[in-house]
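A, B and C label the chains in the order they appear, each numbered from 1.
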Amino acid sequence: MNSAGFPKRGLALLALLFAALIAAPLLVNDYLLTVLIIILYFAYAGQAWNIMMGFAGQLSLGHAIYVGLGAYTAAALYVHFGIGPWIGLLVAVPVAMACGAIIGFLAFRFGVAGVYFAILTIAFAEFARIGFDHIGYTGGSAGLFLPVAQYAHNDLWNLRGKPIMFYYVMLAFTAAAFVLCRYLLRSRMGYFWQAIREDEEAARALGIDTFRYKMFAVVISAGMTAVAGVFFAFYYNNLFPEQVFHISRSIELILAPIIGGIGTLFGPILGAFVLTGLSEAMTELLHTLGIDVPGAKQVFYGVCLLIVVLALPDGIWPWLARRLRLERS
Amino acid sequence: MPLDIYLNVAVSGLLTGLVYGLMALGLSVIFGVVRVVNFAHGEMMTIAMYLAIVAFQAFKLDPLIMMVPIAGVLFALGYVMQAGLINPFIDRPEHSQFMLLVAIAIIFVNVLLLVFGPDARSVQTSYAFDSFAFGRVIVDATKVYAGVAAIIVAAGLFAFFRFSDTGKAIRACADNYTGALVVGLNVKRLYALTFGLGAACVGAAGSMLTLIIDVTPPLGPQYTLLAFVIVITGGLGSMPGALLGGVLIGLTEAMAGLLFAPSAKSMFAFAILVLVLLFRPQGILGKRAS
Amino acid sequence: MTMLLSITAVSKRFRGLVAVDRVSCEVAKGEIFAVIGPNGAGKTTLFNMIAGALQPDEGAISFQGERIDGLRPDEVCRRGIARTFQIVRPFPALTVEDNVMIGALLRTSDAARARESAHDVLRRLDLLDKRQRAAKSLTLPDRKRLEVARALATAPQLLLLDEVMAGLRPTETDRMVAILRELNARGLTILLIEHVMRAVMALADRVLVLHHGAPIALGTPAEVVRQPAVIESYLGAEAV
């Protein structure tokens, strides 16, 4: 983690990447576009989670709760009141932030840290998963379905339309998240977060109110993740508590930043590309080999994950950056 | 509702809880000693369940008898996992350990999916529909056998840790890692042994559980979570605590399923977990964490 | 002489064991005050009570006329007391510069200003040329100086040093002594716990000696070192 700016090489590569991403819809077919949307989704959500973990050092394994709360809030407003997602966002984000505040407050006031904190977050997510099964207003276990008026033209206000619209929306979110995280990381709060992550007691001895800043990390992370939830609702158009809040979602969310590189700005993005790319490659490979058994792809995926975890414990980005001499070692 | 039904459900929950407790005991032993969060715990149990089912369907061998060899297989699996993969991760940050075990869990689940397919499997023993009557209480024979087996295995484990040299050595590692090194204990080997033992517990529990529930490949995660709820509620580092926690959760689940909607029963388990984490993190029988 | 820090009849018990037994003393502004005593004498416990890491069971601690016992460690630091740790605790993955910047960020919210401030401190502590290195790559003497630099960056009035000389060779000890003397000359009040008598004799204006948690001597280094009670506490009754 360097405190000065990016070296020129890094900025150039970044600009190149961004240009490629903007031009992508013109270059790839529809299927690949949907894959890119998924990549950007995980890059964004991973960036949001990274704030809590990579910056402030708090391991959340129940982050799906914020996706779910964001998704259900915006979806319910749309289904019951016809309120579009951009307004719905203004409600969904505070709801998720409030939830984050509650979890954070309970955990930090009562000294729940490390593994126990992680388990606490799992418990809350599970609680939401089962709880939402019983909330009739949002469809219960049968699910909540968003009415899709049309696919033909792009209605940005209601987020109804073609994949290309969703792509650019997600790209905008991801870019904004990147900029926000870069700003946060170099701000006073970002430094305090890193201090807390490295050694909370030493941070306190330097006058840092660690409770306050941990709360900030949780709340900001929750709010950002909720935006992904809103997108999720309007992209997939159906929500089931069993899926949305499931621990697999939480694990999915964190794969990209951990594999990519915790605490770095590029980690979540790189991780999302690598993981989704890997997954797609696996599917292709097995298809051409004629192996079409459920579970085959996932086994390979798991093995690849294992190899990366064993070989590159800090994630791919730090290793790659050293190779490309993009960051000081 | 007549009292009989409450009693029946309660006893049924209690017995199932004993099996849960045994499963959680495995986790408690692993977490308490090696200090690694075994997120593949439920998946390991699922493997054991499938082994039991194969043994039954292919060779008509009763799961309760197969419990011993299956526990042995799981022991070997656990030992190898710890010695081969997990040992270098002991000092790594939690998220790294977590990722490692998640990767292993993904591999386990999907190998099972590959081999056995997604359909539910179960075991129908000759005594599957028998029941015992104790006064006004009627209990499934399967649950009684499973519960008794769980107690026996747990007792065996207690005895091992209490009275055997290896058991005491393992407890020493848990209490004081550096001290154990200093007195010359081969900590890495003891860790592997411990993981193996924890896996064996889960293997035995899995065998027993086939008598009570159906198994599908993705069954794992919810049991990993359940194991955590039990271990934390009952008390980390306390073996009786794991059993007690198991019984408590088994009872709570059963009663909640009866009194409220059946699907809401897990909520109580999680509510209890949250309360324990906040107000009594060492659990009911646990010692204050260092 | 204005009193910066006042400790009045402070006691601390740990489940029946009396760690600190009615200790009183005052540290004047601009002083270098040392607390010494054999192991287990209660020095670090006293220290931790001043720094807010522990609460006294009895007594009061005042800083600049205001009570600080019962405050959290971060509140104590914000009042103007900075501390180092006996076993150094740098932020390992961060650079030396970032480590010290975090201290400086207590007094300014501007990262650039904090970096300048950090550079000043690093220069004084002779670490400027190592500022881009990761803290975990430093040698022990460098880490000790980093620990001091980081605490200094919070612009304290009082600096608490917990056995900062431990593990240093004589030349490094002298270097640290010179640095601390210079800081004191610029107006920094220092309270140090120390075992290394060489440093205590060279630095301290006054010394408090603790034994089994209780004060047994208070005065200049020369006075204190000659007292029979002090010699006995270190070397045993037969040495007197």
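In this section, contacts are C-beta pairs under 8 Å (C-beta built on N, C-alpha and C of every residue); 3 or more make two chains touch, one makes a residue touch a chain.
Predicted, not measured: the structure shown is a model, and the values here were computed from it.
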Checklist line | Farthest-lying chain, centroid of Cα atoms versus that of chain C | finding: B
Notebook entry, point to check: Which chain is the middle one, judged by CA centres?
Noted result: A
Check: Once you count every C-beta pair in contact for both, which comes out on top, A-B or A-C?
Finding: A-B
Margin query: So the centre of each chain is just the mean of its C-alpha atoms; given that, what is the distance between chain B and chain C in Å?
Written below: 50
Item checked: chain A and chain B, separation of their C-alpha mean positions in angstrom -> 32
Margin query: Need the CA-centroid distance for the pair chain A / chain C, whole Å please.
Written below: 44
Margin query: Can you pull out the residues of chain B that are in contact with at least two other chains?
Written below: none
Note to self: Under the stated contact criterion, what part of chain B meets chain A in this complex?
What the structure shows: 37, 85, 92, 94-96, 98-100, 102-107, 109-114, 117-118, 217, 221, 225, 228-229, 232, 261, 263-264, 266-267, 270-271, 273-274, 277-279, 281
Item checked: Residue numbers on chain C that touch chain A, as the complex places them -> 51, 53, 72-74, 77-78, 82-83, 85, 89-95, 97-98, 101-103, 105-106, 109, 111, 114-115, 132, 150-151, 154
Notebook entry, point to check: What does chain A use to touch chain C in their complex?
Noted result: 1-3, 186-188, 191-192, 194-195, 198-199, 201-210, 328
Notebook entry, point to check: Residues of chain A touching chain B in their complex?
Noted result: 53, 59, 61, 106, 110-112, 114-116, 118-120, 122-124, 126-127, 130-131, 133-134, 141, 247-248, 251, 254-255, 258-259, 262, 293-296, 298-299, 301-303, 305-306, 309-310, 313
